[in-house]
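Single-structure report; data block below.
So that you can tell them apart, the chains are marked A, B, C and D in the order they are listed, and the count of residues begins at 1 in each.
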Amino acid sequence: MEHTEVVLEVRNLVKRFEGLVAVDQLNFKVRKGRIHALIGPNGAGKTTTVNMITGDNPQTEGDVLFYGKSISKLPVYARANLGIGRTFQNIKLFSTMTVLENLLIGGQSKTTKSLLKYLANPRIAQKEEQQLKEKAEGILNFIGMYQYKDELVSNLAYGRQKMTELGRTLMGDPRLILLDEPAAGLNPSERKEFIDIIQKVFDQGVDMFLIEHNMDVVMNLSHDITVLNFGCKIAEGAPKEILENEEVISAYLGEGYRKQMKKEAEQNA
Amino acid sequence: MSGIIVQLIISGIAMGFIYALVGIEYTLIWNASGVLNFSHDKLITLGAYIFGGTYILGMNMGFIPGIILSIITVAVMGIIIAKVIFIPLRNLTMIYTIMATVMLGKIIVEAIRLYWGPVPFSVPDFLVGTVKFNNIVISIANIAIIITASICVCALQLFLYKTKPGKAMRCVAQNRNASQLMGIDVKTVMVITIIISMIICCLIGILVSPLLNISTTMSNMIGLKGFAAGVIGGFGYLPGAIIGGLVIGIVENMASMIFPSVYKDIAAFVLLIAFLLVRPKGITGKTR
Amino acid sequence: MKKRNLKSLMAALLAISMLAGCSGGGAQTAASNADTTAPADSGSSAAANEGESSAGDAGAAEGDTILIGVSASITGSAPTNGMRTEQGAQMAVDEINAAGGVLGKQLELYVADDGGVQDTGINATNLIASQGVVAQVGPTLSGLALAVEGIVSEAQYPILVGATSPKLVTTIDNQWLFRVRASDTIQAQLAAVYATENLGCTKIGLFTNSNDYGSGARTVVEEYLTEKGIEFVSESHNTGDTDMTSQVLKLKDAGVDCVIVWTDDAETALAARQFYDLGLDVPVIGSTSISTPQVNELCQPEWLDNWYSCTDFTTSNDSELVQTFVKAFNDKYGEDPELYAVTYYSAIYLLKDAMERAGSTDPSAIRDALAETDGLEVPIGTYKANDMREMIHGGTICKMVDGKAQFLEYVLVED
Amino acid sequence: MKISAKNQYLWIGALFIAFAAVPVFIHNNYYITILNQMVINMIVVFGLNFITGLTGQMNLGTAGIYAIGAYTSALLSRNLGISPWLTMMAAIFAGFLLGRGLGYPSLKMKGVYLSLTTLAFSEIVRIFATNLIDITGGTQGLNNIPRFGIGPFMLDSNVKYFYFILLIAVIMCVLSIRIVHSKWGREFRAVKDNPDAIESLGLDIKKIKIRAFTLAAMYGAFGGALYAHFNGYITSLSFTTDLSINYVIILMVGGIGNILGNMIGSIVVTLLPELLRFLGDYYQITYCTLVLISALFLPNGLVSLYGKITGLMKSKSTSEGGES
């Protein structure tokens, strides 16, 4: 595994909440061309880690580097503008707007900033809006949501809403997407569709970092896995290695899981 | 000169306790229902009118029975106001809650004007007089306020931490939805909170009446400064309101030594903005 | 279910009011005029000339009544004033009507609430103007008087205001505006003269409200004292202040031997208590507030031991005119009259006098007659119009005895 | 339930035409003055709609902003003799600075802080306006504020002034509509809808809020300036918290976040107390009760009745019209 460039690196990341240590001295690297998963039991500090990377809830100590540059002092929107997109564990869409509008907002951070310029020259605005719309429609086609573009988000099924959120993230041309429990709440067919789309996006050259409970999804998608328990990293490596790791099994997967996986592996072999 | 400063600090503390009580009274409702009660100053006025206008001057009662009956009256009104205004409001966004409480306040004022008439009055011989230590003067009404405020805070803390309804109130303050899921009857808790808040309002109204007299506009300024006290002390944190109130009381009196006295009212508002800018969690650094 | 019904009922109610708002056409004018006129009169011809009032010939309603507008702060922050204004004016009208009216016609009031704020005040006066009144009394707040004076000069009928700001004569020269109370200039000067000459004070403390009333007086007193070379210290407070400790202490610390207090009712009572509590034990000359019964009610008598008052009016004035008025007012309303009641009571009599002298109810004739008023005796004093259409030129000095104003003397100020 | 964007503009246009027609039928100065007040209120509320309506941040400082606009224009034109055209621009600029300056501390935080800061700010402005008597005239006010003209055509009557500000209101309304429909309007609505998601999309939520607040302050200051020149007289008595609240009431009664609603709100709230005067002593309490009822039972304002009444709007009109 002679790996390419490091996309994201966290160094000695610590997060304390009023004396409680949620994440302790965490280190890992996300490499280009690899899907990296972060797993662990509930309360292990996974979402806390994502929030430190995005800046929603910055670290107490340590550093976050994106393509080698420290971003740990930057506000959330600046990190997003560098190319870090995310989805949320509980969907955070603009529920009073349509799917298309949600996507448009996702893309408009890169358009004209000056309101005055816009008011003075409506043509610029129209052109920009048109371009944005075309881009959004392209993405909607890509994720198979085109027919829903004028639906109100709140009228959509949960799976469609998750997809909309991913589409909105894609509008910002991210280089890395942080997926917080992408499969949670989806039924098996929706889950499969979602995994396919994620794979498709990855194939377009967007790196992925995901938190997931569903081990099928993790094993299907990821190339590297980091395991957290009580805020500490207990293991790291390829999916196979992780499955063998005693500590991971006792802390997270449980004996039954290993047996099942072995059986499956033998069958596949 | 130093005599003046001591007197100003003492007077500042005395006023500070009024702001503190106001701060506590609206913080309670805020915690329980997420409604910023903009009618609170009018509820204070209402308390004073019920006590002075109806029970003392209207029915010639003694002060103690008058106070007790006033408290009972506002408690009953509290149930009505809670059911009619606050419970329907709890799920609406802030603009509606603020506007509805503002309108409630205006309705109360108009009702007072129509029922008791527009002429201000006072309750004769109620908490009149002063206590003097050397040159330092403090009025008996102020002492009553300081004692009442202290009792209120202690009683509230005991209530909140030691009793079952109190614990429920704290839960609701933390997270209303979760409390509901845990089987706490949020509506009942809100009614209890509003009753307690109304009783405190009534007490404030009664106790400031010797200082400010009873009129429809008596509590406008203390109402606004009470908001500032709450924020400066740490929004939503009860003991913080006392500290916030005292800070405002003392700072505004000190400011009047330096700037023309007419600008002293600004002190509270400047402090409010300054705290939001520098230390939004307030002096105590705690929020609920 | 029940709630739903209520909801739709309320919605419908609002919808109706909205539609009323939207329709905008001429029908609405008629409807609302009819509505607004209804409670004030019974079958008057007031609405006769609706729609043309802005054209300038507002007055002279031909019929058997004469309509007079009243702008009073019935709601808002000074509701007492509004109530007294209405009572005083109404009493005068009742008396005049009982005695046969004016020029054989009955008087009638059209009362509009000015709310003590500018927009409502402007609307109130516009509304009055559109009713075809021959004259208007009020508003009392100087700010409102300044805001509406343009309206009456356009509508061309005389307005009699109890506002006292010097600005009403120094910054405008409105032929239609008459002032029926003594200017702050007169009253405040009286206070300053009394403090320095009668009480012989040498270092005077000034404690004034920052509103139009207090600040107007402050300017006058400061000018007078500077001119006479008498030392003074100025302190102010805002309307609605709840604590005056720092101002009182500053005055006390400066060693003043007399304080002139110029502020409104609530603040006067507060000042009286705090002066007493904090031991500021010097003679105090207060504005008219301190001699009013409602403020006396708010004070313990011992607070007012060394207080004087410069006022327009006191019930303790033993002139027959005043005592008759006091008794009549007491019989009618069960309370002693105070300043606003007497001001507008007198103002109505002034209008009656002017109409009788003019022999007509034409607004410009009334105005001319008003401007020629000379020596009309009314409870508030003697009306005599000067060039600036000010009617009162003196004031009463009272001393507070047992918490009640005691008439000392009436002083005429030459201006 | 909702009015489609196209229908909404038809109504807005119709309302403006109706406005323009009123003085043809009514010459009564009372109603003309109320019309002027309505249109000025409308302009202010178009602005307030950005921050409180679309962005969902409660601004209780409109009176302070309005006062600063009014005093800026009044003082510059009255004392320095500068043309009111320029001084009104100065008032708008003052509003701009104010929006930036005040927006920063208060919009850093969520929730009630903006309400409290703006309330405090408004009180501070009022206390200064009351006490800086040499400059502002205090409660005795500033009079002789000049009216102005367009070239040789003086706006010397209330009717002429009305047409002038109606024209301005139309311009402000068109600007509002354009902003609401632009990506900025979308951002404003997004902040109200789900503030947690904005930043992860690369948008600075603070900047969006400050922009909305600045727009509100500019409209508000402009309204204040128009008011000062309309009345020719201003006093610090006018700029109380009640005034700020009145604007929020207009916003709420009409329909939050909806431009047609703003217009209807201005009409109803300005006119209603006047229409209720026939109730005599009870008119204020009736008015307040009606507003309270509308807060409790008509949270989407009077515009939402349109949908309810017709009941036939099957259009899946999206929120494109700026409805929230």
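One rule holds for everything that comes next: contacts are C-beta pairs under 8 Å (C-beta built on N, C-alpha and C of every residue); 3 or more make two chains touch, one makes a residue touch a chain.
From a predicted model like this one, the values you see are computed outputs, not experimental measurements.
Look past subunit D and you find the other chains held together by touch in these sets: A | B, C. Among the remaining chains, A is positioned farthest from subunit B, on the basis of C-alpha centroids.
Centrality by C-alpha centroid: the chain sitting nearest the overall protein C-alpha mean is D. Top contact pair of chains, counted by C-beta pairs, is C-D.
Chain centres here are Cα averages; for subunit A and subunit D they lie 42 Å apart. Inter-chain centre distance (subunit A to subunit B, centres taken as mean C-alpha positions): 48 Å. Mean C-alpha positions place subunit B and subunit D at a centre distance of 32 Å. Centre-to-centre, using mean CA coordinates, subunit B is 34 Å away from subunit C. Within subunit D, residues 127, 130-131, 281, 284 each touch two or more of the remaining chains. For subunit B, the set of residues that touch two or more other chains comprises 110, 260, 262, 265.
Multi-chain contact residues of subunit C (touching two or more other chains) are listed as 75, 210, 236, 238. Those chain pairs judged to touch are A-D, B-C, B-D, C-D. The part of subunit B that touches subunit D in the complex is made up of residues 30, 36, 85, 88-89, 92-96, 98-100, 102-104, 106-107, 110-111, 114, 224, 227-228, 231, 235, 260, 262-263, 265-266, 268-270, 272-273, 276-277, 280. Within the complex, the subunit B residues that touch subunit C are 1, 4, 7-8, 11, 15, 18, 110, 113, 117-122, 128, 130, 135, 137, 139, 208, 211-213, 215-218, 220-222, 253, 256-257, 260-262, 264-265.
Those residues of subunit D whose C-beta lies close enough to touch subunit C in the complex are 15, 18-19, 21-22, 25-34, 37, 127, 130-131, 133, 137-141, 143-144, 231-235, 237-238, 240, 242, 253, 264, 267-268, 271-275, 277-278, 280-281, 283-284, 290, 293-294, 297-298, 302, 305, 308-309.
Interface residues of subunit D, counted against subunit A in their complex, comprise 175, 178-179, 182-184, 186-187, 189-190, 193-194, 196-205, 211, 316, 318-319, 324. Residues 75, 77, 79-80, 82-83, 210, 235-238, 240-247, 249-250, 253, 265-266, 269-270, 273, 277-279, 294, 297-298, 300 of subunit C touch subunit B in their complex.
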